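Have a look at these structures, which come just after this line.
The two complexes that follow have subunit A in common; it is paired with subunit B in the first and with subunit C in the second.
After this line comes the complex of A and B, so read on.
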């Protein structure tokens, strides 16, 4: 799941590098609020889950935290 | 679906933008799936960075003035227009700045010089309670706000495009809401009705977002979580559907709508194979499937009445293919409903190519409807511009499938739309006459043509704009003019704006020619626009129109007409028009001295008083 999660993030953010577990909105310049909602939507669709509402507006969230949230959803 | 997205992603990564767009575009034409639109948005962005763009046929510049966040919508709008061959440059000022942009000195907006301004409100703006106090006053206020914005946009020379409001559900009043004039849903309906009514009188394009939302399901269209998080009123699927619907309207306004539906017959217009079961054995009329095919024919007849041509492309012997139309009493469609009828055993791509040539339209103007996906594939591969809709699934769903896939979008309706198919049929009869005539003058004489050249009026301005936007072959300058622009030019004393209507012994073709000339200066009048519908090319109508222009100009003291030709991909046939009309070459232009001999007129067309 984590590999697919990283793939989606790299794709949606148009990145030409791999993402580390500690990467997140605070380390990726184009990961703005609109991109973040788009990412949440894509993850919910891909993994057929519903993430908590606070995730939509989370200012600081990492790849590892997203993976954990998806697993527990 | 995911496979297509992955496939396109791979192609983009390899730099094969042409292949990626060719793979994605047919899917985008058929469906508004957000994942495809999102993928296409990033394909276009990446490709543009590498200097690649799709083959655009028209351009528009759209400023989006909204009350909500439109960054996502803006990207999707560019995709929705690109699908139709319309290059859309989008300007997105911060949302919530509608009046400030229109009333203030919004330098950026002025510098952007939009051709269209999208006014995009949200039902959230209205903040209406379940039961509205003074509903009439609320409706008046909202309508005045947006019609006021139209006025400003029109004054700037751009064309307003108004998104209507999504009618909200009434969870509290339930079914009672519809019968309660003060209910929130009824107030929003009334606002939409009033805006749509006013728009038709003011050359304003309308996108009925409520219809789009209802089409995909309002619970799918909206997403309250996204509204609270991003101030976008629609879900991602809702945004894609809204962009797709808006793109279809913008494309149609640019003359890029579907002009001709090409129909397969067996399994598409009737059930069964006519070559096996005969004209009286095909399924149409009685029975479950027969009724469904009949209903599909009803739908197609309605499409024809809206001004879209119908044609047949069938792998059959021609006589066999014609028989159900001639003899089966349950058929709704008749032979005279078709502007072209091709039935033989050649590949469909060849048949469709013949139809395109016979009707004088572009492959991009055509959509093939066929129950055999392999035929659609063959046509799609050999004629990439042609749209294809595989008629798969239950026959009963065909009308809905075609309506949602083709996005038939007549942004305005003219008298000529209703008579277009009959006019094409008359042209065919005239072509027979041409073949029989000993000479062209004899052919022209035998047509018994009459014309009505008239100044553009309120009644004809929509048709004039339609001709300006849709005509590609007989179009000297390829300038595209909106109804509002033509209306303004028609009122300008320095301009002469004329339409030409033509009738012959077979049909009244309605308005088929347009000439806009101006502004007059120093005794000279430049011809800004000169277009003629392909239905009447080769009949000397251009001589008649130019002679009329010359007379009008001379009456105003104009001494010289100046003509210009702008070469384009499809207008080579008029490259030497001004030479043929007796103009003299003057640098890059041609000039006609109105003080000397009268201009060349057509002796074969009689002007009706």
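After this line comes the complex of A and C, so read on.
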């Protein structure tokens, strides 16, 4: 799951590098609010889950935290 | 490989005419001022057509729209790492990447809806109309020569498809309140025939929380596919203008402020409009200023209803000393002043390249508080001044360094007033996120309060006479210094 999550992030953020667990909106310049909305929607679609609404507006969320949220959703 | 480009209003008008994308966000300054962008925005498709040649001879490309592109500002075009980017204000506004292979086919089932003629459509498409499975079909033809002039080359299929993408997003789906986030394009024939083309636009997905809408489209000539696209757009919501009725849900009408005269600087929309109505509902006389939103001011006047005789609206730029002096002359003695005017907020990335925009924003924001304050102080013996600040100061969003810097400066003005004019009460209002036109972003409505609710809390505090010399945060109403 985590590998697929990273693939989605790299694709939507159009990155040339891998993301670490600790990467997030605060470390990736292109991870702005609009990109974040698209990421949340893509993750929900891919993993057939519904993330809490607060995730849509979270401005300091990391890759590891997203993975945990998906697992627990 | 780098280059620079500076789009002009003429470029935008020419592209609107060539493509048929007359979305008011691009061509109507008054409408654009009522959006979070604060001014007209360059068509994303025009930006894409501009960078397209830098990709080389490709049959497929993905365009990611990161930030709005504005006229009369410099943008840098860079090519590297297999992609082309268009950057301004220290951040990438558009990234374009060559793509190979076919697009994933859309789901094939779903009802077919007849196309609404966009030239006769006067109202925005409602979210409930954007239903996954809906298919719109019709014909599309740009003004070929005009599009060639805009592109600076003979119109290729990719140019045509990008123009259609802008038209589809801005005029069809989502329509008026649509903002493009991505175009994924595949070209099947490099040269389009110069006649009307058929299109089929299929809504694949729509998230009502954010308005995120994904559609696929195919352009055809004589029944043969010319290009395929996948479009990703945000369908915006319009923030309702505050009304007396909604204020009354939080604050019962009364007369506790009869005889008080309050100047609200920045009164026509959002919190300023709600506060104006709340003050009126308690018997106050309100002089309100607005700079560039006459339509909203007219709406406010209409919404003031039975209190309209106590509402005086002045079109005056808060940063213009002469204009503000005229307002103060007309207003006479004041009980209080609310410093609420603020320039539109455009996200930036903290970088040397963004310093110009940050300085412009903070300059305007400080002037919009300091000029009215300086004009009003002589008329404010034993009155009060409310400085509108933000809870974002406690947790600044990543792309708002200029905004929180400006608000911190305005809180500094409050400290100055408190120290140097003890006869005037200084109040800092650290307000929460509200559902207003200026914060009407895809998820701005989530976890946001209505401006009427916040305005009612402020006025109730005023009625209780317990806010002088204290500063408070909503909803805790805590003293913050």
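The working rule: the second predicted complex is superposed on the first by the 73 of 73 C-alpha atoms of A that agree within 3 Å, B and C clash if a C-alpha of one lies under 4 Å from a C-alpha of the other, contacts with A are read in each partner's own complex, and residues count from 1 in each chain.
Here, a contact is a pair of C-beta atoms (placed from the backbone, for glycine too) under 8 Å apart; a residue touches a chain by one contact, two chains touch by 3 or more.
Quick caveat, the model's predicted, so the values are computed rather than measured.
Shared-chain residue A:41: touches subunit B and subunit C both.
Of the two partner chains placed around the shared chain by superposition, subunit C is the only one that A:30 touches, whereas subunit B remains out of contact.
When the two complexes are overlaid on their common chain A, residue A:49 makes contact with neither subunit B nor subunit C.
Taking subunit B and subunit C in turn and counting the residues of subunit A each one touches, the greater count comes from C. In the superposition on chain A, contact is made by A:14 with both subunit B and subunit C. Using the contact criterion defined above for the overlaid structures, shared-chain residue A:1 touches neither subunit B nor subunit C, since it reaches no partner. In the overlay built on the shared chain, the residue A:59 is in contact with subunit C alone; subunit B does not reach it. Shared interface residues of subunit A (contacting subunit B in one complex, subunit C in the other): 14, 33-34, 37-38, 41, 45, 53, 56-57.
By the touch rule above, subunit A contacts subunit B in their complex via residues 11, 14, 33-34, 37-38, 41, 45, 53, 56-57. For subunit A in complex with subunit C, the residues that touch the partner chain are 14, 16, 25-26, 29-30, 32-35, 37-38, 41, 45, 53-54, 56-57, 59. Residues 9, 35, 38, 42, 46, 69, 71-72, 225-226, 228-230, 236 of subunit B are the ones touching subunit A in the complex.
Contact residues on subunit C toward subunit A in their complex (touch as defined above): 64, 66-67, 81, 83, 91-92, 95, 97, 181-182, 205, 207, 209-210, 212, 232, 234, 347, 349, 395, 397-399, 441-443, 446-447.
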